[in-house]
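Here is the structure we will look at, set down as structure tokens.
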């Protein structure tokens, strides 16, 4: 496995991951989960979609839940610094023959939709409609006190290639990674905004989304969410945790929404703004990489993910499998 | 100052302090404070009264808010073990010529109302109507997650006499106390239920109630309440704290309800069930007794209290005054 | 299953569970675990034994670790109110032909050693040597901030009989219990000190000790202990948790000491001093009884326990087995 | 008051504030405070200096404590992205006739020392000697679990000019600010690393350092530090807090080291990486700007600061004074 040098020379500036657009089957069922249970703020609701955000967010939404026949991921969204970055990104991708197109998105000025060579659907924008944040409206704090959108994690059958794409073509920087015995890239955590990741990838059938993640202030917010879910009809939606990841040092919980989209509730990582930060490598056979405290993840956590809309899923080539429960 | 021996020989068994009955001017205003802001559970509401309880409580109420012309304390309530304890208590008080009478209280089987020689109005009962507790209904957790009623604290112009009454005639046990330079009792913390106190008294104009207290799980619940109060129109109702008392080791916050009744939000004391527990004495001049961290309490905290209904207040005789903030 | 009435008429008063005496193989290895990792206070060390206590405890010890050839439980200890309670207890047991004898214990005035009909070795005392507590010496707070000894939990092949013994002959009061489909008692939680339990019993091969438990202030103390254990050579000693029990509402963690003695780290239960508290019954098939959040306990947690010294273990008769992880 | 546009066009990239160099009178006394009480990690100690860092930091130090006759600030340090940024910064400052010089600093490759027109001594470097971080060595966590250096706050007699310097010449971005009735800039919070601030300035006699700040994970770490300081000889060193700032939403505590250098213990701010983040303005007369919960700061907090070495202090011109405690 080759750890690439950061690419500081791209002509555009991706600020951070920003939002996800999920296809769901029933908005009312979704609202009960995201708003009443997790505590997200409902910014707007139309017949076809629910737009939600976290407490500190001034952007119109970080979750779009859109009615579709089957659950799917419609897009994962990223913010760039300025409108000119969108143009520079488009030009860069055109030069590389990577598919991109301008699309109309509600609440965004201009949106560049990119389909990566691996099949991931990314959307980039510079300006989204602004709304008031709720950071200092403490009576709005409900559920787990969701403070901000944190990151994505995807399954890909070609971890090395996907990693190289995000680093070389989009300027993401590696913070931590896992390699197989043979030295192959098995998982990679990459950031733009200065924490452990905006985007992570893991070996597996893909392209699929493994999870989106929301940052909360403390572990006690996560424990309260567990108590609430366990006693309000969502105990089956608790998939894994709480626990501490060795990777990223995060205190985590994984839950599944009513359509099977996985959400990580996440806190406790660290600052990564230094350009000379050394990426931290983990051995696939080290169980503390997954769970510092030793408890294995359930099988579903390694296998279940959500497909991108109209995107065929390819089987993972690597045999490498971590130690799992069961 | 003489620390009395515990009196283990009384023919009745007071289990714990149980509830307070406050006179308030406007139930809707009170409800906004107690239910919407602090997070107490509304058990029942009539035209004249609001009955509230905390999350783990199976008793009908720990707060009765009753409409009166002026704010006052109508009674402070205690639970005894059995109905026969009420009779034994009545007989004991009759022998001592201490005023008591049977009164009818909504939701209690029999109630013995006692006026102590110092003028405090106490009500004793053995059985109150039961309701479901909310301990495992986590979606009911709001505000500061109020878990249970904890204690009373009163002003009295005769601390030594009041202390002796509670120990000798009612069987309370001293856990901590403050004495003046001359060795006079200035404040006393006394319990029945096995924590630092069910009832505390402090030198001051009285009889008056200084505060009633609610136990919450952690300091973070108190910090969240501060944030909520500060941004929902109740910033002026925050009187003192957060801080750590030297006495009792409690992490505390004092707030005033819309009628000026003081509520302590309280956590972190210790187990006191041992009959051979040595009471811990504090010097009135030791500022860490009040606030372990050194910050003085505001003047109002030493002076403001609520009178018992139809009960004249006598001036405190002792000159002793702790160091206070200007 | 028959829920017995509380027995309020016994002529003695057991205050609370107090300490455990473990046989361990190497004091230095034990010290590294209990003192350096969990954060217990070392009161005294002799050639044969280590005496430890928690932060708020004024008693000489709540853990005695004594060198033995093989790990075992030497005794579980309870405090009674006064010396006269020991005599009354002795007389009561003699009348019932239950084996008891006076033994000499370091740091206790008089000790009555009782072997219950089920084979449990209990020791009762009224007065133990006192030492300074560390509650307000915050620089002594290490590891998980162990605040006080909380309870025992034992395996017994005859749950109904053991339950009846503790209630009828010793005056324990039931707070929660689990029954099988056939209505047999499968597990019982019983208290003396006013929280959920001083002693619990579970169906299983016995008499054996399942665990002793230490109370800590918040869930964050438990999370910190997990992090410390996971990165200081004790990751294999983490057996189960963190999680929330439905029973008792406790936030818990189970760890094994270097000799396999199981310690529960415990917080978040509730006050049970009311004589009319209704015991809460659970169905053995309800998985939330075990873990509110749904995750099953590992097999070892249902099977592993520590024998009492020189005490044969009998096989459990009941078939009932909860759902467990593979 | 004029809120300036961010300056995105400077030819160098300052990554973040990095460290402070304090003159102290006795290293052993300082070590007892910073290492034994706050819990900082001692990286290295020489006869003249103590080099300390926080738990997640891979850099050699974030605090240099150097023996001087009188307490003073020797420099505040910032990290730039690459060595070439140092050269570009030097060239930029030379063009503006702002004083800068290359100096030798232990543990840094090259260091550019800049004296701003207002008299602040800043040091810039690209590469500092690296050491292992302690993020996953949880047994090293002591005191308040100091995780990383967060920011500086300075007094300046010319707030508007100082603000303009940092924005226009160094590329800092405003996140929050306070203005007087007349619309003058009274205080400004500015960042580089994507949180609320790397550097804040307040009207007052200056140039002086008001405080340096350390980020900790949760409010409970701050409460524990208060308890430790209050019971280990440092109660007088607690100056203000705990509390919540309206500005930045931080949960804070201010303590004074043995030489009077003020340290803020800080947690709970928010992400500010978006270039279109609107700065949040506060009115100087709004007390919740200072303390959301309403309690005023002590007088010393508005007046006491530490001078930069050999740098004369000028009196503040503005009359504007916030409401303070007596």
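Order as written gives the chain letters A, B, C and D; numbering starts at 1 within each chain.
Rule of thumb we're sticking to: contacts are C-beta pairs under 8 Å (C-beta built on N, C-alpha and C of every residue); 3 or more make two chains touch, one makes a residue touch a chain.
Since we're looking at a predicted model, the values are computed, not measured.
Between chain A and chain B, two chains of identical sequence, the interface residue sets overlap for the most part, with shared numbers making up over half of the total. In this assembly, D is the chain whose CA centroid lies farthest from the centroid of chain C. Per-chain CA centroids place chain B at a distance of 33 Å from chain C.
In whole angstrom, the spacing between the mean C-alpha positions of chain C and chain D is 49.
Counting partner chains per residue, chain B has residues 136, 218, 220, 227, 230-231, 292 touching two or more of them. Interface residues of chain B, counted against chain C in their complex, comprise 8, 15-16, 56, 58, 79, 81-82, 127, 130, 135-136, 147-148, 193-194, 217-218, 246, 249, 268, 270-271, 273-278, 292. In the complex of the two chains, the chain C residues touching chain A come out as 218-220, 223, 226-227, 229-231, 235-236, 238, 242, 244, 251, 288, 292-295, 325-326. Interface of chain D with chain C (complex): residues 136-139, 141, 218, 220, 224, 227-228, 230-232.
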